[in-house]
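Data first, discussion second: the structure below is written as structure tokens.
When the chains are written out, they are named A, B, C and D in that same order, and each has its own residue count from 1.
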Amino acid sequence: MLQRTVPIMILCLSGAVMVLAYFITSAVSWSETVNVWFNVLAAVAYVLGAGNLLTVNLEKISSQRPGWGYSAITLAAFFFMLTVGLFKIGAVPDPAHPTVHLAGDYETAASPYGWMYDWVFSPLTSTMFALLAFYVASAAFRAFRAKNIESILLLGTAFIILLAQTAAGMFLTGWIPEGSAFAFLRLDWMKIAITEYIQTAGMRAITIGIALGVAATSLRLILGIDKSYLPKGGGAA
Amino acid sequence: MTATTMQRSLTTTVAAALLVLSQPALAQAPEAATQDWIRTDRLPLLLVIVLVASAVAAAIALARSGRPVKIRRLAALDAVDEAIGRATEMGRSVLFVPGIQDMTDIQTVAGVTILGRVAKTAAEYDAKLEVPTCRSIVMSAARDAVRAAHFEAGRPETYTDANINYLTDEQFGYVAAVTGSMVRDKPAACFYMGAFYAESLLFAENGNSIGAIQIAGTAEPSQLPFFVAACDYTLIGEEFFAASAYLSGERDQLGSIQGQDLGKLFAAAVIVIGCALATAGIWIPKLAGGADALRKYFGG
Amino acid sequence: MNGTTETPRPKQRLTLLWISLAALGASLLVLRAAVAAQADPTGEATRSLWTTVGVWTAALLTLGILSFLFRDNPFYKICESILIGVSAAYWMVNAFWTSLVPNLFAKLAPTLVRDTMLPSLPESPTPIADFVLACVPLLLGIMLLCRLVPSVGWISSWPIAMVIGVTAGLKLVSSIESDFMAQVGATVQPALAFDASGSFAFWATVGALVGIIGVLSVLTYFFFSVEHKGAVGKTARLGIWFLMITFGGAFGLTVMGRITLLAQRFEFLFRDWLGIGG
Amino acid sequence: MSDSPLARLNNLDRRWIFLAMGLSIAIPILLKLRFPEYPGPMARATFNAVEAVPEGSTVLLSFDYDPASAAELQPMASALVHHCAARKLKIVFMALWPLGKKQADGTIDRVLKEFHPGYQYGTDYVQLGFQSGNEGVIKLMATNVPEQYKTDSSGTALTSLPLVAGVKDLSAFKLVASISAGYPGAKEWVQYGNGAMPEAFSIVGGSTGVQVSQLLPYYPKQMEGMLVAVKGAAEYEMLVEQKYPVAKPEVIGQGRVRMGPQLVAHLLMIALIVLGNLAMIAGRSRGGAR
């Protein structure tokens, strides 16, 4: 009962309360309060995440599985960043309270934590992000093939937009007078027409569909019809 | 015994918290008394919510009463069994990515419920299922869901926590680790179900390069183009939310999908009537007022 | 199980290449730092030394990630390992200082937190209420951590149930309000358009019609309880076409931003690191 | 295998595509290639809107972005400031984003002081700086500028700065330009600035590529001109530089320099799509013959 019924009750009750709270004047701030709670909960949950990170990597190191050296690097980087961040090592003291070490600013470029952010974290993440430039190219080559009407529309639209994005578009069609009957052949015109009318309509319908999907999913959960989130059998580890 | 006391203490704490929460309101009681305690400005919204909710509830009730439930096939979901079967034959693993958001995003909740269904099939086939997560709480929820799936499949002994791991909260750190393990372990089937941002194409292109069958589902409109272009099957927006109900095969859940259709009918009706009124309003101003009122009601 | 003896030769050569590259970079680094220290005896040097080390670190890490495009290799794996460790810790530290300290510790023990961490923490007018409210997430957190103890592990599904319930409740309302209703309302518009002088506007009318038909046909595509046959099938097909144009357009519009990202990385490598093309 | 070369492209190692992409971005950066731009209607409308302001009038430039979007937006901001100064317009700078003030300061240093040394603080330009409040700032300025900004960014009272001493509300400006990376930005200026006094001034906006769809509905009715991302900046630069040349083109030519890799990479993408389809057709015709 404690393992199945209580969680369902908690879920139904908290869901229903949040729906009603939106309509009750004195309860409008509840969603903010709950948001703060969940941020704290997520912070506490890091104990689980960090624990898992440690277990997995320590296990790899101790059993000398292939690639254990990388696990050691991960752990070293993790503990270094965690230590300089939590203890604010090398932080710049707060001018108003120079005696309180932990009030210092640990995120400036002058502290080890800020240095790590500027020269390790940030270049790594932004280069990872920048890899997308390569993948859009390979995806365009591979996936934009005119196999049927649907794919012709997909690649045709992408083609028009790509052309219109650069000077090539104006070079090719810029000579068509703007006020003329053929102005719709101008690439810049086509780009605006596609984004403003067709894309807006498509995105609107997708959004309406998603909203209904979210609502139905929420209802399935609140009404206790979808119970797939519940654990079954023995204790969790 | 400990559980009951814990539960009792929980109830008292929650009650105390609720009391405290309402305190600011009590403090302002003199003015509050003269004010509405209900947000009357939000009543139109309440009406629409009740309408949508009752449509879903009615569809569920109808399904329960034994009325046949017909749902069109979703190719992406029919491919789930095939993809896992193929992975089993090839002796390779199955990768499931539940998005990069926390459980506070309903897409992640939907992703984890789909994970449960996928895990059940994987357990039946005895395929290895890898679930890297970007959040600690998602890791916990995913472990619960996969363990439950193994129980349902009648193979609790094959479950292990070891394949469901937290990596890092950082979007691109997570991507680096998952794409790295993709090219090393070469899973034969990749599922991307949840909230995705820029990483969608990074996953999909790397998955393609290792020859995996890729099935994606997300309600993040900006990432749909990349999944549609680069994956074998994509659940688009609403289809993604219908997927977990569809895969469950339960009458109640399938009924709720029909409820969603009623909601779309309602939306289409409002749009048709509204546009007709607005068009007629070009000549008959009174009707244009009707269209304006409709638009205003919906906050458009 | 000793994998190294079976490692193919080309891989070893590649590793050697990376190691020698790294060694070369490091020696250049030391050289440059030494020159910098000599040229600037005022103490500014330490600062610029760290910036130099930083630029070099960032450049090598950038190259390491880019090397993944060629193939998976030790250099990438090192970058990946560093990134996982650093970023996991980064978000944990972030959560500690922005969430745990101000929203939990400061509520549970305000005096202690004021003395040790947040001297500027204001006095709360309702300390007891704050304390009780802060106990809720603490309790939820403890219950979640119960999963570390097998005998009471089941209790961890309670806070997860609460998170899911609250999310479901909040999203039910917000999706209907800001997505469903707002988008339906925005679609309501006249299907014919006339310009200011009262004459028929052809393209604006086409645009309005496309907008309305597009929304309706895509909605038809999303119908689940009707097979896509006959008139419904044709409308759904039109809906798919709208979707494909939408996606194609979005794909094309995203490319520019992605190229900017890569251009910025290259600019960093060329200008800040190699000092060319500035 | 005796496949035709085109059909063999179907099995192309994607690393060749990566290499081509890398080169198409790296080479234009290294060589600082600048290609001619063909100004589109939006850029020309923006240019004309600034040209239409009578000489000696005051314009308001709102810097509503931060360093993260500077790559996309700084080129157009620089060109806009140069354009206004070349037309001898008085400029009032402000920011709705906390870091926007820094961006404006940088632009003043690099463009105004560099190319227009005659511009005097207080009489020719004023930096109001950042104030929090998002669209609230605009709303209050629409009725009462001195109430929102009692001093400029360095604490000098507005009454002692001749340029803004007499300013009551937004109608004192003939043109308002918002270079914006999101909320609050050009959209809010249209809704709350233009909405309050539709006839008093014209609005032009600069936007990032991502959020352009939010602004499209307002162009060209409420917003007379609009510059979109680096591309819009490059086109606008072209127009400005043709009429008002500068000694150091690298400052006012940033948009076009940044468009170099964009043009080459976009053309590469287009070529890839064409190649992919040719390869498919070539492969298919062989398949059909078999």
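Everything that follows uses one rule, which is that contacts are C-beta pairs under 8 Å (C-beta built on N, C-alpha and C of every residue); 3 or more make two chains touch, one makes a residue touch a chain.
Note that the structure is predicted; figures quoted are calculated from it, not measured.
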Label of the chain whose CA centroid is most distant from the centroid of chain D: B
Centroid distance [mean C-alpha coordinates] between chain B and chain A, Å: 15
Chain B and chain C, separation of their C-alpha mean positions in angstrom: 19
Mean-CA-position distance for chain D and chain C (Å): 25
Chain A and chain C, separation of their C-alpha mean positions in angstrom: 4
Chain D, residues touching no fewer than two other chains: 14, 18, 21-22, 25, 231, 262, 265-266, 269
Chain C, residues touching no fewer than two other chains: 65, 68-69, 77, 79-80, 83-84, 86-88, 90-92, 133, 136, 144, 147, 152, 155-158, 160, 163-164, 166-168, 171-173, 175-176, 180, 183-184, 186-187, 212, 215-216, 219, 222, 243-244, 246-248, 250-251, 253-256, 259, 262, 264
Two or more partner chains touched - positions in chain B: 3, 21, 49, 52-53, 104, 106, 109, 137, 140-141, 144, 167-170, 172-173, 176, 221, 224, 226, 228-229, 236-239, 242, 257, 260, 263-264, 267
Contact graph of the chains (line, ring, star, complete, other): other
In contact (per the touch rule at the top): chain pairs: A-B, A-C, A-D, B-C, C-D
Contact set on chain C toward chain B in their complex: 65, 68, 72, 76-77, 79-80, 83-84, 86-88, 90-92, 126, 129, 132-133, 135-136, 139, 144, 147, 152, 155-158, 160, 163-164, 166-168, 171-173, 175-177, 180-192, 194, 212, 215-216, 219-220, 222-228, 243-244, 246-248, 250-251, 254
Parts of chain D lying in touch with chain C, wherever the complex brings them together: 15, 18, 21-22, 25-26, 29-32, 71-72, 209-210, 229-231, 258, 261-262, 265-266, 269
In the complex, chain C residues that touch chain A: 1, 3, 47, 50, 53-55, 57-59, 61-62, 65-66, 68-69, 77-93, 95-97, 99-100, 103-104, 115-120, 133-134, 136-138, 140-142, 144-145, 147-148, 150-173, 175-176, 179-180, 183-184, 186-187, 203, 207, 210-219, 222, 239-256, 258-259, 261-262, 264-265, 268
Contact footprint of chain D on chain A as seen in their complex: 133-134, 136-138, 140-142, 144-147, 155, 158-159, 162-163, 165-168, 170-171, 174, 178, 188, 192, 195-196, 199-200
Chain A residues touching chain B - in the complex, by the definition given at the top: 2, 6, 19, 22-30, 33, 38, 41-42, 45-49, 52-53, 56, 121, 124-126, 128-129, 131-132, 135-136, 138-140, 142-144, 154, 203, 206-210, 212-221, 223, 225-226, 228-234, 236-237
